[in-house]
Every structure is written in structure tokens, then in C-alpha cells.
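Quick one: the structure is below, questions incoming.
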Amino acid sequence: MPAALAPAAQVFAAVRARRPRVHCLTNNVAQAFTANVLLAIGAVPSMSGDPAEVAAFVAGADALLVNLGMLTPAAREAIGEAVAAASAAGRPWVLDPVFADRSPARADYARRLVAAGPSAIRLNEPEAAALGAACLAAARARGAVVAISGARDRIGCADRESVVETGHPLMAEVTAMGCALGAVVAACLSTALNACAATIAAVEGFGAAGARAGAKAGGPGSFVPLFLDELHGLSGPRDQLERHS
Amino acid sequence: MPAALAPAAQVFAAVRARRPRVHCLTNNVAQAFTANVLLAIGAVPSMSGDPAEVAAFVAGADALLVNLGMLTPAAREAIGEAVAAASAAGRPWVLDPVFADRSPARADYARRLVAAGPSAIRLNEPEAAALGAACLAAARARGAVVAISGARDRIGCADRESVVETGHPLMAEVTAMGCALGAVVAACLSTALNACAATIAAVEGFGAAGARAGAKAGGPGSFVPLFLDELHGLSGPRDQLERHS
Amino acid sequence: MPAALAPAAQVFAAVRARRPRVHCLTNNVAQAFTANVLLAIGAVPSMSGDPAEVAAFVAGADALLVNLGMLTPAAREAIGEAVAAASAAGRPWVLDPVFADRSPARADYARRLVAAGPSAIRLNEPEAAALGAACLAAARARGAVVAISGARDRIGCADRESVVETGHPLMAEVTAMGCALGAVVAACLSTALNACAATIAAVEGFGAAGARAGAKAGGPGSFVPLFLDELHGLSGPRDQLERHS
């Protein structure tokens, strides 16, 4: 008899059952990998960044990712439309303030987006420092989950902080890994779970898949396909198919 | 003595012999994978979407792909230039109306492009429904091949409909698979074959490579490199190299 | 006792020790692969092409890559800002005039960039022919290294020409391989070595990784992850980890 699924696996199973549409405004570098990560967990990605149609895409989606990796004037306009559409429709949205530590204008812009009320913020230590502790504490007070990636991942909710220690060093040697995690958080937020539990599950499952792939990989190149295979297996789709057959 | 090549393999061998240049106006998510798919079958991809130079690229190409995955004002301008250049030069072009079912404005735009006379239209069931049966029937009456992807692929020509049942379920769990098929159809159309036979061969060969890769893959991640290897082998390049050595 | 590292491996070890930031203005097709190539050799990629912030990114970077693969008006503006910022800060920068042979306007633009004083120019034979021998000779006279990729790679410095014969035929069947080499040249230029030796090492190491990956690959798909693993191993990170443990 198979063991019961761990909590993270239950969330990933809920994602696969729901097949949420996740609209991603993300940087060019991350788009294809993010789409493949979402497909691997059973979500349905879309990526259009055209200001003229982004509101329609968000209105038809179950969650939104806003990643600042490569800003342009058109991207800023699309982000404004998308956040308004997500807020109007009550959809969860995730902010990933990529490289907020590299340009002051970008940090300012990221702080304004934090104030617009994301459900979760996914970032790394230098980006968190650039936004500032006060900015992130205020976000948590308003109900946002703040997930800071690093050797140990720290997930801060309104009243508690959790530490997740899954993962593998090769995850830092592949581009867009953090960006893709932001999309996975968005997918998990679209399940009925509370945002804190959903984000912890997303980070745990993502790291567990990385640890398994890293144990088999010969380097960062072979890591990527193994990682997607492990993500695909997280909710046990093949196991479950076998149980039901 | 090697067995005779199947009809689809003959078309892929013709592509490899001709090394057609295929200019692709396609979405960011699909660009790298599409380029690698074209290189794997022996075609030469280019992807510039700059309205200022797209006509020069199309005039120097053997076929054109117009994929609507990520529209922007500049993309629409480039598409207009490219379709005009392809029509003026008598080059085959393929339309892939991605996400025509997600936004009414996009469906309208796709219908106008159908009226501009593509050689082939590659789409899925929801996109076909969004364009409407009348639109697609009119396209077939004007000579366009209509290839609808699904569990079974249906290729409709002027006077007949063919069903292709190659493929693998993992093909639906990798991003840009349908977009890349559109580029393969464009490459096959650049051979001297009639458009109907070329499109059927493209769909068959693409699906056969997917079936072989899927039988070996551990999930959607490991599927991708195996799929490209299988596409590369479709026209038997290594066999032929061995015969000549 | 491990054998002494070959000269190219010493340069790659210097890159890994320095962890240079390499800002890349490159085409959409090449971005993700280029980022993964840079991460594999221990460099830190950034890719923003927004004219409003590109100067800040370049000022904080150790080297710049300017790749013309997909020009747009905004890309041209960003290139101007980036080249000015790199020149002002004394940072090495690499020009890759992709497809200069496909459009006369692009060749003109590339020649103007050659005159702006890149540290190195990475291109293929048709692109070199489009720029013209006089243009490239003048660049070498001003101190630029000119690296022409082909079956044999030729690296021309002020006073000598070197030939590098590493590499593998599969490298020509994967997209963005030459673009990624341009980024590796930029990373190697950021070490203290003279530009000629750094460029030769970049081309040699890149080709050596390709040769090793090609010997194991089943085709162009499986080549890519193997190639990144080999690049990752070039400076012997796993060896060194073992020695210290």
C-alpha cells in the first residue's frame, strides 16, 4: 500500500487536478523554462505581454505572476493592466522583483508593486535588502507571503516564519530557476489552500525535485531535464494512474 | 540493404538536401525550441521581428511561419510586412493562430490573416472553433491546408481529409511543441511537393519522432533532448553518413 | 597529484574565481542558452535591454556582449547606451554582428559598431565577408581581436593569427552556439589576461567542451545538456571540491 502523500505532494496533486491557468509576465530568459515548469506540474501557462490583451488573459487565468526580470515601457504598461485585472477578479498574484538590487529605479518600481497588494513575493536576499525590511514587513502585515530564496528558504507569513531546507546547489547554476519558482507559487496559490501553506508547499516541492535531480545530474546541463521529470512526478501522476488502473 | 524510406522520411530527406531558410515570426517562448527543431531537420532558421528588416529576411527565405503567440504592435507591423513579402515572392507561409480562443481581438486578427492566403494553417481544436468552420472551409477552398492538432491530427486539403495518429502524450506537456510543428510544416512546404502531401508528411514525421522519444523519456524534461535527437534522425543522416564513408 | 591545468583551463579557472558579471544585449533566441552557458562557467549573466536601465547594468558589470541577432529600435537605443557606458567605465565588450550578411542596413550598422572600438569581434565567415576585410583589418589595427568561427576557428590579433581546431559538427546544429561563445569571450576578457590570449582560451575551451559532449551525444538534442555539463567541468570545479573535502 503506498504511503500517504506528504503535504507538499498533496498541494501539487491539487494543482494537477485543477489544471490552473497561470498568466506570466516574465522576462524573455525565463519564459520557455517557466512554461515547461508549469506544464510539468499540470498547470497551463500563458505569457502574452501585449498591453492590449493582457487584461483579457488575466481575467481568464487562475493566477498571475509578475516578474521584473526585463522591464521595458511596454512591460510596465502590461504589468499595470495585469495587476488591475487580477485585483478586480480576486485572482492571486505573485511578485518577483528580479534585480531590484541592481538599479535604484527598479527598486522604487518594485516597492510600488509591493504596495499594490500581491498575494506573495518571491525574491532573494540582495533583492530583499534592496526593498528594505520595512517594505516587506508592511507587506506581511497586509497578508502577503514573503518567500526569500537562498541556501535555506525562508517563508514569512503574517504571524510566523518557516524555513525550508530542500534544494540542491546546482539550482543556482541554472538560469531562471527562481523565476520558475515564482510561477509554481502562483499555481499553488490558485488551489483553495491558504496562501501561507500553499507557498510553503510550492517551495518544498520545488526544492525536493531539485534535490532528486541534483543527485543524478552530471552538471547543470543534465540537471534541467531531470528536474522537469522530477517536478512532473511530484504529484505522483504515474503512480496514481497505476493505482486507478 | 536499407529499406526504402517511408513517404514522410522522403520529405524530411528533401528538406535536409535543400537546407531551406525558414523565417519565423513566432513568440518568445517558442523561439529557441523552434530554431533547434528546424536545425535538427536540416533547415536554417531566422527569427528577426524588426519591421525595418523583416521584408529583407523573408525575401531571402524559402518559407515563412507566422505564429501569433505573443502579439505586440511591432509584431503586428512585422507580420504585415512579412506576409506581403512572402506573397510578392511566391513563398509558402504557415499561419499558427495561437490562443485565438482566448481573446476576441486576437480571433478577429487571425481571421484577417486567414483571408490573406496562407499555404497552411496549423492550430488546435479550441483555436479552430474560435476561427469558425466557415472561415476554415473558405481557406481550404482557396487552397490552404488546414492541420488541426489533437490526440489525432486532422489535415484537411481542398478535397480530402487525412488523419494522422502518430505522437505521444508527453508532447502536450512541453511548451511550444505545436509552434515548432508549424515551422516544420513551413520547411516541408519549401520542398517541391504539393502542399497537402508536404503537410501530412510534416505532421507524421513530427509525431513519429515524438512517439520514439516518448517511449524512452522519463518525463517531459528528458523528452525534449530525445525528441530533437529523433527529429535529427528522421531523414537518416547518420545512416547516410555511414553509407558514404 | 592532478596534472597542471592546460592554458585554456587556467583562464576558465580564473573566470570561476572572479565570477564576473557579464551583461548581454543579445537576441531572444539566444538569451536562455547564453545565460546557462555563463552560469556553467561561473559567470553571472544579466540581460536587460531596457534603454532606461541598461547603462546602470553595464556600469555594474565586468564585461558586455553586444549581439545583433534581433534588432529593434529599442535594441539599437540600448546598444548605444551600453557601448557608451562600457567605454566610459573601461569595460571590455564583444561585438557579434549576427546576420550582417542578410541585410545591407544591418551590415552598415555593424560597421559603425566596429568603429566604436569593441575589444573583440566574434563572427562567422559570411558575416566577415559582409563587413569586409578592410573593416576587420582596421579593427585589428586598433587592438580588437577578431575571432572568425568555422570548421577551423581563426583568431586574429594585432600581429598574429591563431587557428583553433577544437569543436564538433553538432555545434552547428544547435541554435545560439556562436552567440553563447561571444558571451564566453566577454567573460574571459574580464580576467586580467591580454585580450588575445583570453579570446583564444575562450574559443579553445568552448570547442573542447563541444568535442567531449559531441562524442557522447545521440544527436543535437542530447548534445546541449552534455555540453553545459562539460563547460561546467572545464575549470575542474568537481575535482577541486573533491580535493578540499
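The first chain written gets the first letter, and so on, giving A, B and C; residue counts start at 1 in each chain.
Methods note: a contact is a pair of C-beta atoms (placed from the backbone, for glycine too) under 8 Å apart; a residue touches a chain by one contact, two chains touch by 3 or more.
Since this is a predicted model, take the numbers as computed values, not measurements.
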Proportion of interface numbers common to chain A and chain B (over half same, under half different): different
Magnitude of the superposing rotation for chain A and chain C (Cα, nearest 5°): 120
Inter-centroid spacing, chain B versus chain A (mean Cα positions, whole Å): 31
Touching two or more other chains - residues of chain B: 28, 32, 224-225
Footprint of chain C on chain A - complex, ascending: 27-30, 32-33, 69-73, 99, 102-106, 173-176, 217-225
Residues of chain B that touch chain C when the two form their complex: 28, 31-32, 35-36, 39-40, 45-50, 52-53, 56-57, 60, 74, 224-233
